[in-house]
Amino acid sequence: MAVRLRAPGFYRAGWMMLGAIIFAAGLTWAVRASTGHSTYQHFLDANAILTVSLFAAPLAFLVGIGGFDYWFDWAIGRPTRPEDHSGHGAYSWKDYFRINTDHKVIGVQYTVTSFFFLLVGGLIAMLMRAQLAQPGSQFVDANTFNGLFSVHASLLIFLFIIPVFAGLANFVLPLMIGAPDMAFPRLNALSYWLLPIAGLMMLGSFFAPGGAFADGWTAYAPLSDNAPIGQTFFSVAVQFAGASSIMTALNFLVTIITMRAPGMSFFRLPLLVWANFATSLLVVIATPFIAGSQFMILLDRALGFNFFHAAKGGDVLMYQHVFWFYSHPAVYIMMLPGFGIISEILAVKARKPIFGYRMMAFSLLAIVALGFTVWAHHMFTSGMAAWIRIPMAITTAIIAVPTGIKIFSWLATLWRGVLHLDTPMLFALGFLTTFTLGGISGVMLAMVPFDIHVSATYFIVAHIHYVLFGGSLMTIFAGVYYWFPKMTGRMFDERLGKWHFWSTFIFFNLTFGPMHILGLQGMPRRVATYANQFADLNLFISIASFGLGLSTLVFLYNMVTSWRGGPRAVANPWRGLTLEWQVSSPPPVFNFDRVPTVVGGPYEYGVPGAVHGIFAPPPKPATVGAGSSSSGASGE
Amino acid sequence: MEAASIAHSPAHGDHHGPPPANRSSRVETQLLGMLLFIISEVMVFGAFFTAYFFIRVAKGAPWPAPGDHLPVEVAGVNTAILVSSSLTIHWAQTSIKNGNRFGLKAGMLTTFLLGCTFLFIQINEYANIGFAPQDNAQATVFYSLTGLHGAHVFIGLCLLLIVTIRSFRGHYSPQEHRGVEVPGIYWHFVDVMWLVVYSTVYIL
Amino acid sequence: MERNAADNPPAPGAARASRRSLTLTFVAALIAVGVGIVLSYAIHWFPVKASLQARNTDTLYHVLVIASIPIFVLVVTVILYCVWQFRMRPGEELKDGPPIHGNTQLEVFWTALPAVLLLGLVGYSFAVLHDNEAKPAREIRIGVTGQQFAWTYQYPPSVTGGAPLNSYQLYIPKGESVKFELHSKDVIHAFWVPAFRVQEDVVPGITTNWRVTATRLGTYPVVCNLLCGLGHSLMRSRVHVVPLAQFQTWVKSQLAAGAGGSAAAGTTG
């Protein structure tokens, strides 16, 4: 037992967390005793301890499970264990519940954890729809309802879309560029373990006195300045989720820059890698701003600072500028990796090279650059200086151009291809239609007078879900099906996959399509009850949304049963050219026995004898070339 | 297995390791990582400078708030202290590159002490400045910018302490001194950031 | 651009069939666009239109929808056509498409065309914005105060011709330009009249405003449209658009009834 308490793991994490809470209590007591400052008075003792604990306990947890052991040893100059790869690979399910430095294991940990939060967030959405099925309060009071949609959005954004993309890329990106692992495997492990912390903290806020944080995922000040303690859970959880994003992005950038296989020039990178490169730039530059915004809220709340207290000279609108300077780029953080997934799938499933590869890469960078110049389109009605609306509306409209380049190039990729209409492809095609709709409604919102009418209505809710569900989530489903054989070594059930697609696609449109009309007609968002005139449409939407929930169960069933007992997958079931398909399914512990050499573009489908990567030394491409050419790539 | 692998052997059995990754860039991974991290850090400061901008420039609030006084001179001396610590850590780094162990130790120790002095003066300034962050928005911005920087100094000092102890224990060599260099970059960043904070908050 | 003839020989009959299918698809797409546009007029999108601003904004909306329909139809049509014509047929499991890598002209085209279209649309929207917010020669100013969770309205002496008036009721004259000046006592709210198609946040510490010229008599909902806490869903009020003469009588009666005093208990203007 004593060994267990000292060795990295959940036992050590347990007592360390306990210690952290005691430390928090002691610290709070000491500070308050020594200052006796009147401004600390409004702050309840328990709340102060809780606030400090929210930082201290997770850090203690991370130390406890061993996230920092190596660095501690390294820092004090103790002999560090040379990388013995004991942290690599997963041989039983238990290996997923400890610090693991293998990017493939981390990828699976990330993906599964994120999907858990999708289910929770979706379940919360079901409660919201039940409440909204009829005007008046059905199940919950207004405060709980506000908490529901706040947690719903926060979980789905910070704990699902953003990390699930990081998870999928974690798994396939090193494989795609021919690297044995990520550049900083231990940092990678740490960034994963920050996630459950952030998620559980957000969920835990439901048990906080005063209820969950209830100011929307945008947490506008000054409402959030004076909200009950649940709001602190949000502010702190976002710090952990944000730190996790930044670490992963940094890791991706360094990996992509320094660990590409020989011959893998930037313009031979698969577009998924490009997409994650672009996304990571966004994350590294933008995410600190949401950390900053939430720190300001925390300081206002806990220590009585005056960032957002108008009476003391604070600037209320400044919160929104700082928040959206992150959160607009964040919507591209939630979309660009999906663009990468779609590029992979369409090329393979249409058996054609991606049309306009270079423009595809450049348009990603254009979106990154433009993405930083549009944040105030969320503030057209906020009362900011009127002139800011002009440049922001122009850049917002123009950002549709690089996005349009991508859509049209994908369409051109389909043209005259040989379309394999299986589940990943269906989701990719579904994505093209629903995302185009969501994007178009976004462009409408860029038109200021129109936005002035529909801002903060259900039209926005419709836009959100068309881009986040019809956009991001569709690409995630597509990607999960596409790489499922690679990640698990099993095939999924194609028939259930098609069922899942069609039910999702139909119920999705039935659920979120009518919301456009609701918004135009004047139904505000974030309301627990509404005027009778909106009752019919809302009932319709609620029923459709339950169908959408059930369709997710089909997916869940398919994944679980296929993972446990699906037929074994061959190495390259889709006859893909990119490197991840050239190794076994699931890949060997160290990815490649020999670092591959890249000799051509990633999407040379239809080019006779084309090769992307070879596993023999470069001088003799001809012999291996035939084996991995497009016509007979399923070898291995 | 554990015991065996704790050995210092750099040549690890290749029978179960991955092939070494191809190095596709001349930039060192640690350096690039630190650089990206610093970009992130700069943006954290950016968020708080946004607050500064909105409250002081966009709203045009008097700076500092009427009745408050910023000790520009004391902070100026403090600035000189911090800047000189950048020079001493540079001295320590060049020393170890040339195999001068005394230079390393002396350089690290002075850097560490200079950093402590800076932080001490800063805390003393807080205690005597006569206004609190709760008083008004200007004070909030003042405390949060200098405080954010102070937190970075504190983290930097922790790193420096480790490096100093290790250098007294005889670690590092002309060949292997990344452990001095990477914290050094961070420390330089902390210094440069202070110059920005000092000139915007105190002087302008 | 290279089409690899040896790899993918187009059968002569297939070419003709595909020309016919192309025409067919093109016609179907045109019909879809037509139906879409007709539908966009048939659907009852908006609540009643009660202001000049609403007229402009609704027209803008219709233009946007009409511009969007062809784009959406284009995307969907290409997808459906590809699925119809190019889906893998039995026996083609190992076949690849032609290795087309790109086409610069096409790419320039689909970069430039949306850019021009978008700039045109934003330009037009700015014109509408300018119209909607233009300062008229004569206007009435009315103060609006939001607080958790109620609205109050302040009529300054310039409107009442006497003492300032505080009221829980909002009356405005038809056909006159009204400027609402918005104040908040606590957190951010938003003052929205869907029938006017205008809203703006009510922000503590600053005064925001919007203008409207009501064109239709009647009573319309006022909605708080920014999450402001527990009572946000119930923070509602009404605006009564009345003829100018009736407006003046209402103001007089309010003043006479001393409503100014009683409502002021809840506000400070």
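Quick notes
In this document, chain identifiers A, B and C correspond to the written order of the chains, with residue numbering beginning at 1 in each.
Definition applied: a contact is a pair of C-beta atoms (placed from the backbone, for glycine too) under 8 Å apart; a residue touches a chain by one contact, two chains touch by 3 or more.
If you're wondering where the values come from, they're calculated on a predicted model, not measured in any experiment.
If touching chains are joined by edges, the resulting network of the protein chains shown is an open path.
More inter-chain C-beta contacts link the pair A-C than the other of A-B and A-C. With each centre defined as the average position of its C-alpha atoms, the distance from chain B to chain C rounds to 49 Å.
As a whole-number value, the distance joining the C-alpha centres of chain A and chain B reads 31 Å. Distance from the chain A centre to the chain C centre is 30 Å, each centre being the mean of its Cα atoms.
Listed for chain A are residues 314-315, 317, each touching two or more other chains. For chain C in complex with chain A, the residues that touch the partner chain are 4, 7-8, 43-47, 53, 56-57, 60-61, 64, 68, 71-72, 75-76, 78-79, 82-83, 86-88, 92, 94-103, 106-107, 110-111, 114-115, 118-119, 121-122, 125-126, 128-129, 132-133, 182, 186-188, 190, 192, 194-195, 197-206, 208, 221, 223-234.
Of all residues in chain A, those touching chain B in their complex are 37, 39, 75-77, 79, 81-86, 178-181, 183-184, 246, 250-251, 253-254, 257-262, 264, 284-289, 291-293, 295-296, 299, 303-307, 309, 312-315, 317-318, 321-322, 325, 590-595. Residues 1-2, 5-10, 12, 16-25, 27, 29, 32-33, 36-37, 39-41, 43-44, 46-48, 50-51, 54-55, 58-59, 61, 65, 132-141, 143-144, 162, 165-166, 169, 171 of chain B are the ones touching chain A in the complex.
Of all the residues in chain A, the ones that touch chain C in their complex are 142-143, 146, 214-216, 220, 222-223, 226, 310-311, 314-317, 350-353, 355-359, 381-383, 386, 389-390, 393-394, 397-398, 400-401, 404-405, 407-409, 411-412, 414-421, 429, 432-433, 436-437, 440, 443-444, 446-450, 452-453, 455-457, 517, 520-522, 524, 526-531, 575, 604-608, 610, 630-632.
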